[in-house]
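Take a look at the structure set out below.
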């Protein structure tokens, strides 16, 4: 038994008392909400992937009809004869990014793991505000439905890019998209409420509901990163909402906040958007850093190298994220002095990023590394995040950015961070905590096939994009062959597209593994990874209320291979030897407690 | 050490009481690592930070636009009725005072006082919104409108109208929501659901109300007076 | 397949400096990349799980962390200072060259219209000469381009001159460059501006000084004929 | 214990259903279905005018004064199009014919109690070609709901940006040789079309709810045929010289001749049409930093 405190037999607190609807649909249980988020956001991930495949079809095989007679199901306003039109291509680019950023990655990070891990890792029975939590989930599919609906309205879906730079996005005059842009705005305004209610919950829960002994520096890094992310969400999303509302006014009631014909300031939109947008970037990567820290420490059976500096680096990245937004706008028209200060703050971010990377390497050093699927994904995260981080240095240097800005170099950079980083981090997280969510292990063979093919085709697809950028290929262009100097890049583009198709296709293996293991996977037991965290002390899946008794935390989360111990792990709630007769600790309010009951 | 946890709610309350003598626990085994406030209050504080950022985006836009295009903004009093709004501001500040009174009453266990002061707050809050609507109608008739093509006031430009309505409108919406929430709390107060020991709801709505009041003082200063 | 990391040939005065900075960063990041990935692969192979192996209990090393933290900080700050010099050359208002030839480029969906001073020698007058999607400039002379837009944001991108700047409606942004070779070079739009964005291309035509004057006077005569 | 798998499927099915419902709801809001069914009904509709009681209007548009010089189009950036023109392509703003008449004048029946409330069959599709980076024809008339087949014969990107005032416009692209169908559901004289890729490309479409419209041709002539007898107000519209109207009486079996006269000094006339978007109308702010 890994835990000194017996879990008791109180599994009876199951929720068969609640009806089907309260259990599975309008559930307030944080684990069920996490599962709901998981299913919906994976669905949105698939939608985003399909849109990406269509973008790559056009770039790989420009002017050719879509394969598998897909053209037959698309209306003539999108793809007559199956050939994608430029305006539909713009919608694809916009909606791909929107779905991936707002409906796939954000809910996968905060929605799924924030809900699943925070209460379990800090030893709470649920979130601070369970009903608000339920609301936070149910807003997401509503916003997603509005976003999807925009494909079906006259004029098509929004086509001004996910950044929706004004004034292109302020009026259908410029794009031919009227309703689609409005639905895009409305959907994201709605989604903002989901993020804020979620973040409110995470912050309050972490601050106020930690189990006895769970001091700040005993919190696992996954929860730390989710806690920092929640702060970023809480403070960044309202900025975006404010901006979206003003843009919506420009679209609908004819105000001129961002419209130059009424003396509005188009650049103000960019400042608002990126003031939100850069923290948003960290919202999408910080949780993955947390998952990877957990997985690497656990699978190499070693404490996280420099736990304190990992936490400090997280906080530092989150803080710096607020003062660097201008580096997205070096070429937008900016006072050159301002540009200089943004460059200085931006390069400083390399410091905490380097700390994290080297500390992961330090964690692997002299470890006992188990090559399970979660570790493979976690190590891929480190390998790919290094690429994304280093390519960021090019872009941080304002003069080099003059050339590389808005080229495929940016596309490569952001996909190395958001796919190589975030998505592989999410895969590490899902494969690692799957047994806790569903009580069964995922299939290792399928997992390794999925990882191998994904990792190889991912790099084949995205690494050459750096070269495209260096050759000057602009992003968001429908057909690069229109430019003579880009025509020699067509073979590279075709190769990239083929790699993307394999990368996208192999995700079916993951989907099969995900669904098959739910029913047929090997039973996992409470603690399949011999892990220290509190989440592994309760049954898999945890019952309603999680812990039979409130766990008491005696040590940090990464006491692996401690020299004083036979076992190579040391659960956080295992009482020290002198406590074997039971904790000497007594609750000063035992009497109050019983009065309450 | 049998510390059964039946539900979040009772547990939260238990923790709150614990905090008063948190010093007993050793550092390693701090029972309560929280901030010394109950969850709903903490949640409201955190939510208000989020609200601060929302108003920051609106006020920030206003400052940027006004700085870039001073010709669009009329001098104080040229279009907006400062006296009327000053009176309205006073009304809102009074409602904050009455909110404090309501909270003080229930801390003493004075349920009647709570009901009385809550009602006063509701009436003043609703009047504030009413005066704002009256002001909007008057301004609209003068051609002070947000739209680029609709703006027809004798001074300033469309950016003035747009920023004015965006900021005061969203503040008005917050006051209206606050009044609705206060009515909900008032009904609970009439049913006697708040006691000396348990009046979290009053405290939480009070926080929100003071925040909305504070935002208005800022808005009044920068929109009407400067 | 074109997998080159080399920048295309540069034909502007500040191009080589910018390229050098790029190659410096490429070398530094390239070395860091190779070292990090090699170490990563080495660790996961060397310390892979074997029967009976137990990991060494190491909680960290402040010395190692100080070393790599300060090394990173020094390198990136050095890069920032190096970048600043080049950035100032290109963008600092005081560094704009004297005696530059000045022209206006107005972007619209989906065209670049370059306007040159007519016979009155002044820009912005009715006798301006306008050329569509073709920007003519003299070689070896600084050129100031006043960028503007009629509708949405476009981005004026001359890849081989290492020039890129957004044209923002409602504002005029001056940028400068000096071509060092005659010939025709691509001009592109680098900011999504609508459905025709991918085709909003043009040509920068760099003339010798004499040819440029000839071209300009021919255009002036043509414009006067139209009057 | 949790019953897993089943609930995941249920959730996803519910979600999919929601999305599909919303999606279909969105699809219905497009009015393309409505207009095409109206068009198919119209093809079976008979012309309500009895030819035996009908007459015709024919005439020409004269031009007075010296013909303004036509502006040449600089097609040097579009070699494909430039090669299609044997002579230098000219802007079609004012086209004065050799016989001193004016082309590209849209002539239509503006008022006429005899045709008030009549339902006319919708004619087959009209063709608007883009060949050599110019619109052919430059001015055209169609009936409400009549299909306009817009053809791209150049094989390079054109977009067709219609900016009417009485109805929702459209802005579609044609990146290669292809045809697109569009129609207008509300009468409007005139709807301007433009191509943003080639700033010189403009065209005008007059949308009326009857078949009595015509455009003056290369010899200045136009004709409106098979009108029921009665009095009509006929209007002539030119993109530069504005509009003129005449009252015309049509007798059964007869042909009434009329002549419109435009002159060079009408150049600043008010042209009833939406002003094309011109951001230069708004003073540009030139301060930076």
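Letters A, B, C and D name the chains as they come in the text, with residue numbers starting at 1 for each one.
Convention: contacts are C-beta pairs under 8 Å (C-beta built on N, C-alpha and C of every residue); 3 or more make two chains touch, one makes a residue touch a chain.
No experiment lies behind these values; they were computed from the predicted model shown.
Colleague: More C-beta contacts across A-B or across A-C?
Modeller: Contact tally favours A-C.
Colleague: Between subunit A and subunit C, what is the gap in Å from one C-alpha centre to the other?
Modeller: 32
Colleague: Centroid from C-alpha atoms only, then distance subunit A to subunit D, rounded to Å. What do you get?
Modeller: 49
Colleague: Round to the nearest whole Å and give the separation of the Cα centres of subunit C and subunit D.
Modeller: Comparing mean C-alpha positions, subunit D is 43 Å from subunit C.
Colleague: Residue numbers in subunit C touching 2 or more other chains?
Modeller: 93, 109, 151, 169-171, 173, 194-196, 198-199
Colleague: Counting only residues that touch at least two other chains, what does the list for subunit A look like?
Modeller: 85-87, 175-176, 260-265, 333, 478-479, 482
Colleague: Which positions in subunit B are in touch with at least two other chains?
Modeller: Within subunit B, the residues that touch at least two other chains are 69.
Colleague: On the basis of the stated criterion, which chains touch which? Give every pair.
Modeller: So the chains that touch one another pair up as A-B, A-C, A-D, C-D.
Colleague: Could you list, by residue number, the parts of subunit B that touch subunit A in their complex?
Modeller: So the residues of subunit B in touch with subunit A come to 1-8, 10-15, 17-18, 21, 24-25, 27-35, 37-40, 42-43, 46-47, 49-51, 53-58, 60-61, 64-65, 68-69, 72, 146-150, 157-159, 161-163, 166, 170.
Colleague: Can you list the residues on subunit A that touch subunit D in the complex?
Modeller: By the definition above, subunit A touches subunit D via 14, 23-25, 35-36, 39-40, 43, 63, 76-77, 80-81, 83, 85-87, 141, 144-146, 148-154, 172-173, 175-176, 178-179, 260-263, 333, 335, 438-439, 478-479, 482, 515, 518-519, 541.
Colleague: Would you pull the subunit C residues touching subunit A in the complex into a rising list?
Modeller: 1-8, 17-18, 21-22, 25-26, 28-29, 32-33, 36-37, 39-40, 43-44, 47-50, 53-62, 64-65, 68-69, 72-73, 76-77, 79-80, 83-84, 86-88, 90-93, 109, 151-153, 155, 157, 159, 162-166, 168-171, 173, 186, 188-199, 201
Colleague: Which of the residues in subunit A come into contact with subunit B in the complex?
Modeller: Residue positions touching the partner: 125-126, 128-130, 196, 199-201, 203-204, 207-210, 212-216, 234-239, 241-243, 245-246, 249, 253-257, 259, 261-265, 268, 271-272, 545, 547, 549-550, 552, 554, 582-583, 585-589, 592-593, 596-597.
Colleague: Which of the residues in subunit C come into contact with subunit D in the complex?
Modeller: 93, 108-111, 113, 131-134, 148, 150-151, 169-174, 194-196, 198-200, 202-203, 226
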